[in-house]
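The same subunit A turns up in both complexes below, where it pairs with subunit B and then with subunit C.
Entry: the complex of A and B
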């Protein structure tokens, strides 16, 4: 058994401790991802999981069947055309509509607020919103949206010049050229 | 100007709405709009000014007062008193107001309602949580927004289900349902009199009844007949006038107030709130929603419905602290209340313990026997539960009183506590006595204003065995004829219209010769015409003699 004096003699310096910790960290760290994996991760989710995206886009047809009347007439929705939306949770897809409450461009930056109808009983605090074109099952871009205290979602995104120019004259009462695929941020 | 930043925000909201960037009316989405403006549009100077106001509780309070005194009247262009409440609640949820002390009282999770809806959750068999306070707010809009006239705030519901409540409230304010409400009040409702006046008026009706009974069945009043008739006529006329004037004024003011309230209701947005996030299925909350909407109208515009005593009773009835109201029932657009699944809702109210009045549709389960059985069963069950669970309620349990209603109008009357047994009795008495008075009015008129004395006219009797006394009067029943002759037997005869030719209003006296009379002059004798007042089926003793004719004169009149 070592005496107390011997223990005191072996006290490491701060530098030694740091080296020892760095050596351990290197040994326990996972291997660096390969370039192919990094490229794969950099691709948007609809390209990584095209089957899932196709299933979600097919959900828009169900919306057309369920809410077709509400989507075609603006009288029942306060003078607006609601946007079809599909919420994708783990193994569950829910179809609903989104009212565009606010839409504003500053340069190429789009600021958008929307409210889901009917509002989910437990709304997600953060959503990943994928914009899908109305004329084809084509994902355009995605943006994070956060739940505001009033129960609506708010997002801000810089668009490409072409899209910004095409949408610059949109008003909240217009028929929107996009549909939403919504995914909870923690599952995205 | 310390609050110019707020005017900048409001201007931005209005312009954005006008330009089609904002969907909803700036007031409707004011919380979200502020969130957007504050986070993306406000300049550094504006943020600094906001921070300055927020740094002091006095400044915050000044801002709140300024909102109510200056901004709201300009923003909503009417005197809606709930708009500021709504703005306060919206702002209390967003930064930086969510940290301001002046907005703390608006930060409550749900405003305490004066009326509860019994909405069963999921598979619930009736728990205290199913009794949910209803809160309704009227939000002034510059013009009606299609599809947004009524919205569910916080819970989910089909607009069509909510529209039924709005339509029935509108019907009650300006439609046929409103007439139903007022006619029910006229028939059964207490009046806006002070107690002493009520006693005087009821006493008056009793005096009218006593006078009628005396004149009809009592001792002959003799000389006092005319005075009694005048008192009866005057008293009855006065009472009827008071009753018609009071009910007429109240009905008129209630209709006018109702139309005013309906104009606001048709233009404003109704926001219905129930605590908790859930999906409302079925229309059983239609009745509490309709009542909540009516209460919201009176709260938002006290100058409209508040003008009417009847409508004021409704608001006061709901706001009384000693009565907690709950309601359940489906409503149609016309205001009819339709049956719902009731036993579980009764159980919920009994478990809640604070509800003292429950408005239900008229259905078998809301009958007295069924409710008593359920109450007994629940009391036993609750005793068992309380033995094992600590009692969380801080107030004593109240007995539950059931108000069965076929129509929303009945529910309004019940809440206003207008139905009154004493008034129903007084109304019935007044109705019966007035019926008798209308029947007796011609007689009474003749007693108080006696008809002029009639004159004897042709024809006279063509037969020597009869004496005809024809009179030119429209009230033959008010006179009688007396034959006084030493030759012929004295007779009294009634006067009546005779249709046998020649037709006339006359008395026909059969002449019976006295055996001891001499034959020297068969026309010796006189005919008197007397007044004989009558009242309903009673004829009083003969009174004043108003005519005297000789038989000789009568027999000389022409026969046709």
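Entry: the complex of A and C
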């Protein structure tokens, strides 16, 4: 029978167990991936799948044809200009609009809230939002957005210096210099 | 810039005596030439020190500019036919790495003079071996576009094991851990222009991994009953009595005395126990005991008080202990 002092000395605490397990997990690590592979995986999806991107961007024309009138009249009633958006799921593309509800810059950080019109019956909880320029079919950057309990999507991203400067004076009621390609986060 | 050609530079191997030049030049011309080289060298050293100071206080853009200027001025000084600090070439290579210019650093390494190499072999060897580069050098070169692949390989290798270990603790699964670790690197590389060479890269990497894991768990929460992980509500009431002291007397062996079979069994049980824990408890345990976060910091992260976080830690410990006791009892 061990004494209490012996037990105190040898019995591990949860902290020690966690540290012990973490140390062993290091030893079990597989070989590190090569930089070339990581760089390839880290490339934006529109560079890895340019054909797919071209198809989705072509969908913006359809939005203009279907929603062009609504896009102008909504803004005319004092609202914001809806942003054309394409949701890309596996083999299915859906065209719709995104109402910009909130747009705020703090330094280079953009905070944005938007709502899809019409709202999909089963909205994705997380979306990867790709910002596509309006003056050319050019992807600018992408950012993750989460669905809020209120049904709008929220995102926050630190912009490049160039984009931050170009958009610094953008207001929520302005015509937005971007369009959205939306992809479910788990497919992104 | 105030300058006295007779005064050496602290910390450097400096010989600022004016060279006398060839017979065709007057002493005055030679002195002026030497002086211009010395002024440039002094200017480069000053810029290099400013770069180091800026990096120390986290002013990365300023640091990068100072280091770039230091390299440019040093290269100019190295082309002057005058006396200069013997270690200027080495310092220029170090500044080049500090601002991510691996090409210039390697060029300086290849072109180094025998004279400049004397007594500095160790420092040059560090520059020639990418695996020996400082974190700040690796990160600065990875930040560039395109990133230096040798530097990225070295950086990935340096932190792969701790990253994988953290992912393993978070996911309790080898395959998921591998995926999470790889996703973490992809996330880091996508935002690599925002990396801070003077920051704590290990902590940053582990934070990205933990955030990605938390995000995936938040998705599980939204996915409701279809999710494969259990996620606790932050607002659920936690009831704790005085609770037992958190040691695992009678059920666990001394970690230093384990046989291979016992070790494997304990690892398995620990993985199982972590797997059984709700996401919040696992997160809290890892944050508190592996990252060393205080209860105040954990609480702040979740928008809760230190007291609440302290309750979570006790509850997490208690849950983990129960899981372990259960598993160990069944094992015996």
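In this text, the second predicted complex is superposed on the first by the 147 of 188 C-alpha atoms of A that agree within 3 Å, B and C clash if a C-alpha of one lies under 4 Å from a C-alpha of the other, contacts with A are read in each partner's own complex, and residues count from 1 in each chain.
By our rule, a contact is a pair of C-beta atoms (placed from the backbone, for glycine too) under 8 Å apart; a residue touches a chain by one contact, two chains touch by 3 or more.
In this text the structure is predicted, and so the values were computed from the model without any measurement.
When the two structures are aligned on the shared chain, A:58 is found in touch with neither subunit B nor subunit C. With both structures placed on the common chain, the touch criterion links A:133 to neither subunit B nor subunit C. When the two complexes are superposed, the chain touching more residues of subunit A, out of subunit B and subunit C, is C. By the touch criterion defined above, A:154 reaches subunit B but does not reach subunit C.
Of the two partner chains placed around the shared chain by superposition, subunit C is the only one that A:30 touches, whereas subunit B remains out of contact. Using the contact criterion defined above for the overlaid structures, shared-chain residue A:49 touches neither subunit B nor subunit C, since it reaches no partner. When both complexes are overlaid on chain A, the residue A:20 reaches subunit C alone and has no touch with subunit B.
Of the two partner chains placed by superposition, only subunit B is touched by A:172; subunit C is not. The residues of subunit A shared by its contacts with subunit B and with subunit C come to none at all. Across the interface of their complex, subunit B is touched by residues 75-80, 99-104, 111, 113, 118-119, 121-122, 148-150, 152, 154, 156, 171-174 of subunit A. Residues of subunit C touching subunit A in their complex: 147, 149-150, 152-153, 156-157, 160-162, 164-166, 168-169, 174, 177-178, 182, 185-186, 189-191, 193-194, 215, 218-219, 222-223, 246-249, 252, 254-255, 263, 266-267, 270-271, 285-286, 289-290, 317, 320-321, 324. Residue ranges of subunit B in contact with subunit A, taken from their complex: 16, 19-24, 29, 31-33, 35-36, 40, 90, 93-94, 98, 145-148, 156, 159, 277-279. Those residues of subunit A whose C-beta lies close enough to touch subunit C in the complex are 7-8, 10-30, 32-36, 38-39, 41-42, 44, 125-126, 144, 146-147, 158, 160, 185-186.
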